[in-house]
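Lettered A, B, C and D in written order, each chain numbered from 1.
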Amino acid sequence: MINIVVAGFKGKMGMTATKMVIENEKFALVGVYDPHATEKNLNELNQFSTRDVRVFQDKEELVKEVQADVWIDFTIPDVALKNTCFALEHNIRPVVGTTGFSESDVKKVQQLAKEKNIGGLIAPNFAIGAVLMMEFAAKAAKYFPDVEITEMHHDKKLDAPSGTAIKTAEMIFAERGYHQQGNADEKETIKGARGADYEGMKIHSVRLPGLIAHQQVQFGSVGEGLLIRHDSFDRSSFMTGVALGCEKVMSLKELAYGLENLL
Amino acid sequence: MINIVVAGFKGKMGMTATKMVIENEKFALVGVYDPHATEKNLNELNQFSTRDVRVFQDKEELVKEVQADVWIDFTIPDVALKNTCFALEHNIRPVVGTTGFSESDVKKVQQLAKEKNIGGLIAPNFAIGAVLMMEFAAKAAKYFPDVEITEMHHDKKLDAPSGTAIKTAEMIFAERGYHQQGNADEKETIKGARGADYEGMKIHSVRLPGLIAHQQVQFGSVGEGLLIRHDSFDRSSFMTGVALGCEKVMSLKELAYGLENLL
Amino acid sequence: MINIVVAGFKGKMGMTATKMVIENEKFALVGVYDPHATEKNLNELNQFSTRDVRVFQDKEELVKEVQADVWIDFTIPDVALKNTCFALEHNIRPVVGTTGFSESDVKKVQQLAKEKNIGGLIAPNFAIGAVLMMEFAAKAAKYFPDVEITEMHHDKKLDAPSGTAIKTAEMIFAERGYHQQGNADEKETIKGARGADYEGMKIHSVRLPGLIAHQQVQFGSVGEGLLIRHDSFDRSSFMTGVALGCEKVMSLKELAYGLENLL
Amino acid sequence: MINIVVAGFKGKMGMTATKMVIENEKFALVGVYDPHATEKNLNELNQFSTRDVRVFQDKEELVKEVQADVWIDFTIPDVALKNTCFALEHNIRPVVGTTGFSESDVKKVQQLAKEKNIGGLIAPNFAIGAVLMMEFAAKAAKYFPDVEITEMHHDKKLDAPSGTAIKTAEMIFAERGYHQQGNADEKETIKGARGADYEGMKIHSVRLPGLIAHQQVQFGSVGEGLLIRHDSFDRSSFMTGVALGCEKVMSLKELAYGLENLL
């Protein structure tokens, strides 16, 4: 049984993480933390009415009162950095979801973990499925240089292509380099038909109401095709990755950056 | 049993049509025609070695010697126009595959069919699946104005988007008019990501080795999606439509332009 | 502007319908009804805190106080039958979502609508996308007798195949009759591989966590394939159909059973 | 430049391999071999009329006359075993496509390769895309135990599920073991709906005219899905793998069994 605390438990991701820890048989939720919380116990919240778990507004008090193995953190970047250091200093393994750490922030906490000789994880993306999709795409690109990426999102999204699509393209580029695709003389009778060009590969962005977050990476070669697709239906998809992180950090002796390093 | 002749039988489409007529139990192949053929009988060709069917170099001779109900024509446009008139004049129903007839050509042969009081069909596209895809897409657009088209072809193709994609977009436009899609403030961080714009709807063209000819039309609405996809794997896909045409012209009293008018 | 009341507004579907009416510019929400409601005004509910709409516990009072064009009903079958009759008697057009009406119930309310000379709609399924999928599938089956259905749902679902899959198969059967598919000598080396058999067509049921409600109908013919797919991501998908129903009943002079009759 | 001979060049696979070697800039075709060939030179065949390559009916003569680095073999199993040994004995690296070797056959030729200190490859399946699909599926199963396999083939195929589907299931089983999927109380209202059961995972076999050989492996987890799909459109799809094998065996010092060991 792994003893876990959740910091930032009142945010959307924090609530989802709290629920995941409660429902996972390998985990025990020993406390939740939020300096702005007004509750004293988690059971004051409707959805957790049967759960007797202490709420802490003060992290010093938390580490005195409960014995935790893992510190899940879904707070804002500034707070998350302080929390991560605090957890490590108290020999609690951090599992942190943030895209906001600078390279030097990451180095700093990695150094601290090394000194403490304990594991930890900081992951900008906890969706295992998305991480696997990118890893598989990069590997397939070694053998199939011709590839197009189609990402599909709800029509409120502002930017195209998506960050995941660009990251996928970067990882494919690292394997195969520049490679011109399509007919050398191809021409667009309507501008944009062939999509965005990234080092010779094409990226297409579909935006439709009803869609959530989907991406497919499509490879073609003589007489065959290979397609890798990830569908993210809701925020809870991140929790499989958070749970995996909580288990893995128990045996790690360093702090990993990126979920892919644990797969 | 419908008696059929195939004109232009030595071309790729003609050969495929000849094979289809032979294999279809409802049809009897009573003759094949090509002014440049050197054979006297179809059984001189390896693949038809067991088929005793007369080859004609002269169409006047053909109509004297055999009694045909339907004249399948896969020749070049100029020849096809003459052949279509010739067939109608001899009370044979034409089933013609060509994209090359002008509007006045079509009117002329339709007038001739009316005078003769017999059926006929000229179709630029005999792929029933593609025709159904376009028809379904147009109907769905009445209820789902948000739609994107993705067409996928082998990477030798020169033009993007494909003719079928543009025709599909035209048919959708006829139902729903102009409709701006996506976030009004959306921006492309790499140009072309959002595809080609056709009256507010987006068209994406994928080109990869291994692909043949595929298209999907994707509709999105609150909480749901509807997708219609057609895959064309080889030229033989046209033959379901040719066979349907041969049957339908038997009961028609006029010449139809476009397979969709028989569905 | 169409004036609408929502009956059963405190249930899940009722709440979703209430939200839809409020957000649709063509509609005005003139009242909500639930005999068990404890609120006096919709604005007592958090999510509708800015909406001043009267809550009625008594339908007689409702028809005295407000002028409604359409009565949306998402109550249980017994109540829905009474409510539908009540609405018609007060010249309000019912738009009812229920699978529980018997044939004689439907006939009864259709007779009443005829007497009143007003429109109405009872629909077991309001997902326009699903209704279109079934209609397109039935039409395609005329030309492509070879078809397999794959329906995909979350892994809590008890029955396989789904009701929608069976209804789709029935509609396809009505067009093409019995037709044996696959190799006449095919054999399953593991039982069940070829799926459920419905009059010669095969139905496959996929059950996986994360999935919601999806179905694809796949047709195959010489050299080509045609696929129609519907994805339902959440309950709100029904609301496009409810909205369409509210608009259409305004010009109807009879009560339609099944959304397909309005498409 | 790698010097290559093709054994069994008159079979379908042999012809395809011959064409591939000729078209690949890194390869030189130094001879083709078939004891039953009646030609003396490859240029006697229509499709290779411009290619001056010697045809050998006797393999002893072949090794005397030409200097080969790689021996591609697409003959029948009995012959392939003898040819593989013969090639190794003459210090030519074998690249062999066969499913017919016993375990002891494989050991024997691996021992011989070790003695000769040269590379070689025997592969039951040369489709890199299919091999990658299986490898990715096995890896994904570590994190996503819930998985269903759908394989789709033309409707002439006799057995269901396909060999590739069963091999994929075996590889997934090796990673995750037995795992019951779906609702524990689920029931089939039509037998077979839930597909074939392989250690708790389900396999569905679709058979339709027009299809060639396709497979998708679909994983589901809380709020997300991951799908890996391979499409094989024709026999030429194997040639990317054969070409890769020819390159890789040049630096190998042992004989590999299975293309996956070179990826």
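For the reader, a short list of remarks on this structure follows.
The working rule: contacts are C-beta pairs under 8 Å (C-beta built on N, C-alpha and C of every residue); 3 or more make two chains touch, one makes a residue touch a chain.
Owing to the predicted nature of the structure, the values given are computational and were not obtained by experimental measurement.
Steps from subunit B to subunit C, taking the shortest chain of touch contacts, total 1. Relative to subunit C, the chain whose mean Cα position lies farthest away is D. Between subunit C and subunit D, two chains of identical sequence, the interface residue sets overlap for the most part, with shared numbers making up over half of the total. Centre to centre, using the average C-alpha position, subunit C and subunit D are separated by 49 Å. Note: centroid distance subunit B to subunit D, computed from Cα atoms, is 37 Å. The set of subunit C residues that touch two or more partner chains comprises 210, 219, 221-225, 231, 233, 237.
Across the complex, subunit D meets subunit B through its residues 210, 212, 231, 233, 237. Across the interface of their complex, subunit D is touched by residues 127-130, 132-133, 136, 139-140, 142-144, 219, 221-240, 244, 263 of subunit A. Residues 146-148, 150, 155-161, 166, 181-183, 185-198, 202-211, 218-225 of subunit B are the ones touching subunit A in the complex.
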